[in-house]
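Comments concern the structure below.
Note that the chains take the letters A, B and C in the order they are written out, and that residue 1 is the start of every chain.
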Amino acid sequence: MKNLNLSSLKKLEIILEGEHMEFATDLLDRAGVKGYTIVNQLSGKGSHGFYEGHVMFNEDDVLVMIITAVSESLVEPILEGFTPFFNQHSGVIFISDIQVSRLVKFAD
Amino acid sequence: MKNLNLSSLKKLEIILEGEHMEFATDLLDRAGVKGYTIVNQLSGKGSHGFYEGHVMFNEDDVLVMIITAVSESLVEPILEGFTPFFNQHSGVIFISDIQVSRLVKFAD
Amino acid sequence: MKNLNLSSLKKLEIILEGEHMEFATDLLDRAGVKGYTIVNQLSGKGSHGFYEGHVMFNEDDVLVMIITAVSESLVEPILEGFTPFFNQHSGVIFISDIQVSRLVKFAD
(Lines give C-alpha, C1' and ligand atoms only; values in the text may rest on other atoms or scores of the structure.)
Protein backbone atom coordinates (compact mmCIF):
# COMPACT_ATOMS: atom_id res chain seq x y z
CA MET A 1 0.00 0.00 0.00
CA LYS A 2 2.43 2.54 -1.32
CA ASN A 3 0.69 5.79 -0.55
CA LEU A 4 -0.31 5.01 2.99
CA ASN A 5 1.73 5.66 6.04
CA LEU A 6 0.59 2.90 8.33
CA SER A 7 1.97 2.30 11.80
CA SER A 8 1.94 -1.10 13.48
CA LEU A 9 0.51 -0.89 16.95
CA LYS A 10 -0.95 -3.23 19.51
CA LYS A 11 -4.66 -3.05 20.15
CA LEU A 12 -5.74 -3.70 23.70
CA GLU A 13 -9.32 -4.65 24.40
CA ILE A 14 -9.84 -4.50 28.13
CA ILE A 15 -13.10 -6.03 29.34
CA LEU A 16 -14.04 -5.47 32.97
CA GLU A 17 -16.92 -4.51 35.21
CA GLY A 18 -18.13 -0.99 34.59
CA GLU A 19 -17.73 0.01 38.21
CA HIS A 20 -13.97 -0.36 37.75
CA MET A 21 -13.73 1.63 34.54
CA GLU A 22 -12.13 4.65 36.15
CA PHE A 23 -9.40 2.49 37.68
CA ALA A 24 -8.63 1.25 34.18
CA THR A 25 -8.68 4.60 32.42
CA ASP A 26 -6.55 6.13 35.19
CA LEU A 27 -4.02 3.35 34.70
CA LEU A 28 -3.99 3.97 30.95
CA ASP A 29 -3.61 7.71 31.46
CA ARG A 30 -0.67 7.20 33.80
CA ALA A 31 0.92 4.80 31.29
CA GLY A 32 0.84 7.58 28.72
CA VAL A 33 -2.01 6.30 26.57
CA LYS A 34 -3.41 9.22 24.62
CA GLY A 35 -6.80 7.93 23.63
CA TYR A 36 -9.29 5.14 24.08
CA THR A 37 -12.82 4.24 23.18
CA ILE A 38 -15.30 2.68 25.58
CA VAL A 39 -18.11 0.31 24.67
CA ASN A 40 -20.66 0.44 27.49
CA GLN A 41 -23.30 -1.93 28.78
CA LEU A 42 -21.89 -5.23 27.65
CA SER A 43 -23.22 -8.44 29.05
CA GLY A 44 -21.18 -11.55 29.48
CA LYS A 45 -20.43 -14.86 31.03
CA GLY A 46 -17.08 -15.80 32.40
CA SER A 47 -14.97 -16.63 35.37
CA HIS A 48 -13.96 -14.60 38.36
CA GLY A 49 -10.31 -13.82 38.65
CA PHE A 50 -7.57 -13.42 36.12
CA TYR A 51 -5.48 -16.41 37.13
CA GLU A 52 -7.80 -18.65 39.08
CA GLY A 53 -10.93 -18.77 37.03
CA HIS A 54 -13.05 -20.52 39.59
CA VAL A 55 -16.19 -18.54 40.25
CA MET A 56 -18.48 -18.15 37.27
CA PHE A 57 -20.37 -14.95 36.72
CA ASN A 58 -23.19 -14.13 34.41
CA GLU A 59 -23.48 -10.44 34.08
CA ASP A 60 -26.13 -8.37 32.46
CA ASP A 61 -25.14 -5.00 31.01
CA VAL A 62 -22.50 -4.32 33.64
CA LEU A 63 -19.34 -4.87 31.63
CA VAL A 64 -17.44 -2.34 29.59
CA MET A 65 -14.78 -2.78 26.94
CA ILE A 66 -12.02 -0.20 26.69
CA ILE A 67 -10.34 -0.22 23.28
CA THR A 68 -6.97 1.43 22.79
CA ALA A 69 -3.97 1.27 20.48
CA VAL A 70 -0.49 1.51 21.94
CA SER A 71 3.09 1.00 20.85
CA GLU A 72 4.47 -2.44 21.65
CA SER A 73 6.68 -0.98 24.39
CA LEU A 74 3.60 -0.02 26.40
CA VAL A 75 2.01 -3.47 26.42
CA GLU A 76 4.13 -4.94 29.18
CA PRO A 77 3.81 -2.07 31.69
CA ILE A 78 0.07 -1.86 31.10
CA LEU A 79 -0.42 -5.62 31.57
CA GLU A 80 1.73 -5.55 34.68
CA GLY A 81 -0.33 -2.68 36.00
CA PHE A 82 -3.54 -4.64 35.53
CA THR A 83 -2.30 -7.95 36.95
CA PRO A 84 -3.07 -7.28 40.64
CA PHE A 85 -6.51 -6.01 39.65
CA PHE A 86 -7.37 -9.05 37.54
CA ASN A 87 -6.16 -11.35 40.29
CA GLN A 88 -9.17 -10.14 42.22
CA HIS A 89 -11.74 -9.09 39.63
CA SER A 90 -13.42 -10.45 36.54
CA GLY A 91 -12.13 -9.46 33.18
CA VAL A 92 -9.63 -10.01 30.45
CA ILE A 93 -7.30 -8.13 28.14
CA PHE A 94 -7.08 -9.16 24.49
CA ILE A 95 -3.91 -8.09 22.66
CA SER A 96 -3.76 -8.03 18.87
CA ASP A 97 -1.77 -6.54 16.02
CA ILE A 98 -3.29 -3.64 14.16
CA GLN A 99 -2.24 -0.95 11.79
CA VAL A 100 -3.41 2.62 11.91
CA SER A 101 -2.88 5.48 9.57
CA ARG A 102 -0.23 7.86 10.85
CA LEU A 103 -1.59 9.31 14.04
CA VAL A 104 0.10 11.63 16.44
CA LYS A 105 -2.62 10.91 18.93
CA PHE A 106 -1.44 7.39 19.65
CA ALA A 107 2.21 8.26 20.05
CA ASP A 108 3.53 7.62 23.53
CA MET B 1 7.97 -9.36 26.69
CA LYS B 2 9.95 -11.39 29.14
CA ASN B 3 7.81 -11.13 32.26
CA LEU B 4 4.46 -11.83 30.68
CA ASN B 5 2.92 -15.17 30.19
CA LEU B 6 0.84 -14.63 27.07
CA SER B 7 -1.21 -17.32 25.39
CA SER B 8 -2.07 -17.25 21.70
CA LEU B 9 -5.75 -17.80 21.13
CA LYS B 10 -8.27 -17.21 18.39
CA LYS B 11 -10.80 -14.46 18.88
CA LEU B 12 -14.21 -15.11 17.43
CA GLU B 13 -16.56 -12.19 16.81
CA ILE B 14 -19.96 -13.63 16.01
CA ILE B 15 -22.43 -11.10 14.64
CA LEU B 16 -26.04 -12.21 14.31
CA GLU B 17 -29.60 -11.12 14.98
CA GLY B 18 -30.30 -10.73 18.67
CA GLU B 19 -33.25 -13.08 18.57
CA HIS B 20 -30.81 -15.91 17.85
CA MET B 21 -28.36 -15.06 20.60
CA GLU B 22 -29.33 -17.95 22.82
CA PHE B 23 -28.79 -20.42 19.97
CA ALA B 24 -25.27 -19.06 19.65
CA THR B 25 -24.39 -19.02 23.33
CA ASP B 26 -25.80 -22.55 23.74
CA LEU B 27 -23.59 -23.71 20.88
CA LEU B 28 -20.57 -22.07 22.50
CA ASP B 29 -21.41 -23.59 25.88
CA ARG B 30 -21.70 -27.06 24.36
CA ALA B 31 -18.36 -26.56 22.56
CA GLY B 32 -16.73 -25.95 25.92
CA VAL B 33 -16.26 -22.19 25.67
CA LYS B 34 -15.88 -20.82 29.17
CA GLY B 35 -16.64 -17.17 28.66
CA TYR B 36 -17.88 -14.60 26.21
CA THR B 37 -18.87 -10.98 26.08
CA ILE B 38 -21.92 -9.67 24.27
CA VAL B 39 -22.27 -6.27 22.63
CA ASN B 40 -25.98 -5.55 22.33
CA GLN B 41 -28.06 -3.35 20.06
CA LEU B 42 -25.84 -3.13 17.05
CA SER B 43 -27.18 -1.87 13.78
CA GLY B 44 -25.92 -2.95 10.41
CA LYS B 45 -26.26 -3.50 6.75
CA GLY B 46 -25.48 -6.73 5.03
CA SER B 47 -26.70 -9.74 3.17
CA HIS B 48 -28.94 -12.58 4.15
CA GLY B 49 -27.35 -15.97 4.32
CA PHE B 50 -23.84 -17.09 5.08
CA TYR B 51 -23.05 -18.55 1.67
CA GLU B 52 -25.56 -17.02 -0.70
CA GLY B 53 -25.53 -13.36 0.14
CA HIS B 54 -28.48 -12.41 -1.98
CA VAL B 55 -31.05 -10.63 0.10
CA MET B 56 -29.90 -7.36 1.59
CA PHE B 57 -31.00 -6.29 5.03
CA ASN B 58 -30.68 -3.03 6.83
CA GLU B 59 -31.17 -3.58 10.49
CA ASP B 60 -31.55 -1.11 13.27
CA ASP B 61 -30.40 -2.09 16.75
CA VAL B 62 -31.29 -5.75 16.32
CA LEU B 63 -27.85 -7.28 15.95
CA VAL B 64 -25.55 -8.54 18.68
CA MET B 65 -21.86 -9.37 18.62
CA ILE B 66 -20.61 -12.22 20.78
CA ILE B 67 -16.88 -11.96 21.46
CA THR B 68 -14.98 -14.97 22.73
CA ALA B 69 -11.43 -16.31 22.81
CA VAL B 70 -10.83 -19.99 22.18
CA SER B 71 -7.94 -22.31 21.51
CA GLU B 72 -7.30 -22.98 17.84
CA SER B 73 -8.64 -26.52 18.16
CA LEU B 74 -12.09 -25.17 18.96
CA VAL B 75 -12.40 -22.96 15.88
CA GLU B 76 -13.31 -25.70 13.43
CA PRO B 77 -16.05 -27.40 15.51
CA ILE B 78 -17.58 -24.04 16.36
CA LEU B 79 -17.63 -22.89 12.73
CA GLU B 80 -19.08 -26.22 11.65
CA GLY B 81 -21.74 -25.85 14.30
CA PHE B 82 -22.73 -22.45 12.99
CA THR B 83 -22.68 -23.32 9.29
CA PRO B 84 -26.27 -24.63 9.01
CA PHE B 85 -27.49 -21.60 10.95
CA PHE B 86 -25.70 -19.08 8.76
CA ASN B 87 -26.94 -20.83 5.64
CA GLN B 88 -30.36 -19.57 6.68
CA HIS B 89 -29.75 -16.43 8.72
CA SER B 90 -27.84 -13.17 8.50
CA GLY B 91 -24.53 -12.87 10.19
CA VAL B 92 -20.85 -13.50 10.08
CA ILE B 93 -18.00 -14.83 12.18
CA PHE B 94 -14.69 -12.97 12.19
CA ILE B 95 -11.66 -15.01 13.29
CA SER B 96 -8.43 -13.31 14.37
CA ASP B 97 -5.25 -13.97 16.30
CA ILE B 98 -4.99 -12.56 19.77
CA GLN B 99 -2.90 -12.98 22.85
CA VAL B 100 -4.22 -12.98 26.37
CA SER B 101 -2.47 -12.98 29.67
CA ARG B 102 -2.51 -16.41 31.25
CA LEU B 103 -6.13 -17.19 31.94
CA VAL B 104 -7.62 -20.38 33.26
CA LYS B 105 -11.01 -19.10 32.27
CA PHE B 106 -10.38 -19.54 28.56
CA ALA B 107 -8.91 -23.01 28.80
CA ASP B 108 -11.01 -25.66 27.09
CA MET C 1 -8.55 -26.58 9.37
CA LYS C 2 -9.21 -28.90 6.49
CA ASN C 3 -12.96 -28.67 6.16
CA LEU C 4 -13.28 -24.94 6.40
CA ASN C 5 -13.13 -22.52 3.55
CA LEU C 6 -11.72 -19.45 5.20
CA SER C 7 -10.94 -16.22 3.40
CA SER C 8 -8.35 -13.74 4.60
CA LEU C 9 -9.74 -10.23 4.73
CA LYS C 10 -8.89 -6.96 6.38
CA LYS C 11 -11.10 -5.79 9.19
CA LEU C 12 -11.61 -2.06 9.42
CA GLU C 13 -12.82 -0.56 12.68
CA ILE C 14 -13.73 3.05 11.99
CA ILE C 15 -14.34 5.14 15.11
CA LEU C 16 -15.80 8.61 14.62
CA GLU C 17 -18.43 10.97 15.94
CA GLY C 18 -21.93 9.67 15.40
CA GLU C 19 -23.03 12.79 13.58
CA HIS C 20 -20.66 11.83 10.75
CA MET C 21 -21.78 8.21 10.48
CA GLU C 22 -23.67 8.71 7.24
CA PHE C 23 -20.62 10.26 5.61
CA ALA C 24 -18.69 7.12 6.53
CA THR C 25 -21.28 4.60 5.42
CA ASP C 26 -21.80 6.49 2.15
CA LEU C 27 -18.06 6.33 1.54
CA LEU C 28 -18.05 2.58 2.24
CA ASP C 29 -21.06 2.05 -0.02
CA ARG C 30 -19.37 3.92 -2.87
CA ALA C 31 -16.19 1.88 -2.34
CA GLY C 32 -18.20 -1.28 -2.90
CA VAL C 33 -18.37 -2.52 0.69
CA LYS C 34 -21.30 -4.89 0.97
CA GLY C 35 -21.91 -4.93 4.68
CA TYR C 36 -20.95 -3.38 7.95
CA THR C 37 -21.97 -3.42 11.58
CA ILE C 38 -22.30 -0.33 13.74
CA VAL C 39 -21.69 -0.12 17.48
CA ASN C 40 -23.52 2.95 18.76
CA GLN C 41 -23.12 5.22 21.76
CA LEU C 42 -19.46 4.76 22.49
CA SER C 43 -17.67 7.15 24.75
CA GLY C 44 -14.02 7.99 24.47
CA LYS C 45 -11.08 10.20 24.99
CA GLY C 46 -8.69 11.19 22.28
CA SER C 47 -7.30 13.89 20.11
CA HIS C 48 -8.85 16.02 17.46
CA GLY C 49 -7.56 15.50 13.98
CA PHE C 50 -6.13 12.51 12.23
CA TYR C 51 -2.64 13.86 11.68
CA GLU C 52 -2.25 16.68 14.13
CA GLY C 53 -3.57 15.32 17.35
CA HIS C 54 -3.53 18.55 19.25
CA VAL C 55 -6.93 19.25 20.72
CA MET C 56 -8.10 16.70 23.25
CA PHE C 57 -11.72 15.67 23.43
CA ASN C 58 -13.60 13.73 26.01
CA GLU C 59 -16.80 12.52 24.56
CA ASP C 60 -19.72 10.87 26.18
CA ASP C 61 -21.82 8.47 24.13
CA VAL C 62 -21.33 10.35 20.90
CA LEU C 63 -18.93 8.05 19.09
CA VAL C 64 -19.77 5.13 16.84
CA MET C 65 -17.62 2.28 15.59
CA ILE C 66 -18.29 0.93 12.10
CA ILE C 67 -16.91 -2.59 11.66
CA THR C 68 -16.45 -4.03 8.20
CA ALA C 69 -14.41 -6.68 6.43
CA VAL C 70 -12.95 -5.95 3.02
CA SER C 71 -10.46 -7.43 0.59
CA GLU C 72 -6.97 -6.02 0.89
CA SER C 73 -7.36 -4.14 -2.38
CA LEU C 74 -10.06 -1.97 -0.86
CA VAL C 75 -8.05 -0.80 2.14
CA GLU C 76 -6.05 1.85 0.33
CA PRO C 77 -8.94 3.56 -1.48
CA ILE C 78 -11.03 3.57 1.67
CA LEU C 79 -8.24 5.08 3.77
CA GLU C 80 -7.55 7.66 1.10
CA GLY C 81 -11.23 8.51 1.05
CA PHE C 82 -11.24 9.09 4.79
CA THR C 83 -8.00 11.09 4.99
CA PRO C 84 -9.46 14.55 4.27
CA PHE C 85 -12.22 13.85 6.78
CA PHE C 86 -9.88 12.76 9.57
CA ASN C 87 -7.65 15.77 8.92
CA GLN C 88 -10.54 17.80 10.27
CA HIS C 89 -12.43 15.51 12.61
CA SER C 90 -11.77 13.18 15.53
CA GLY C 91 -11.47 9.50 14.92
CA VAL C 92 -9.32 6.63 13.86
CA ILE C 93 -9.33 3.57 11.63
CA PHE C 94 -7.87 0.33 12.95
CA ILE C 95 -6.83 -2.22 10.31
CA SER C 96 -6.30 -5.87 11.21
CA ASP C 97 -6.11 -9.29 9.62
CA ILE C 98 -9.10 -11.56 9.98
CA GLN C 99 -10.46 -14.70 8.46
CA VAL C 100 -14.08 -15.29 7.65
CA SER C 101 -15.90 -18.35 6.50
CA ARG C 102 -16.63 -18.17 2.78
CA LEU C 103 -18.99 -15.27 2.34
CA VAL C 104 -20.35 -13.85 -0.87
CA LYS C 105 -21.50 -10.84 1.10
CA PHE C 106 -18.03 -9.48 1.64
CA ALA C 107 -16.88 -9.93 -1.95
CA ASP C 108 -16.12 -6.68 -3.67
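Following the convention adopted for this analysis, contacts are C-beta pairs under 8 Å (C-beta built on N, C-alpha and C of every residue); 3 or more make two chains touch, one makes a residue touch a chain.
If you're wondering where the values come from, they're calculated on a predicted model, not measured in any experiment.
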item	value
Turning angle required so that chain A lies on chain B, C-alpha fit (0 to 180°, nearest 5)	120
Homomeric contact chain A-chain C: same or different residue positions, threshold half	different
Chain centre separation in whole Å, for chain C relative to chain A (CA means)	19
Per-residue overlap in chain C, given as positions that touch at least 2 other chains	39, 96-97
Complex contact set, residues of chain C against chain A	15, 39, 41-47, 49-54, 61, 63, 65, 75-76, 79-80, 83, 86, 92-97
Of chain C, residues touching chain B in the complex	1, 3-4, 6, 11, 25, 34-40, 67, 69, 96-107
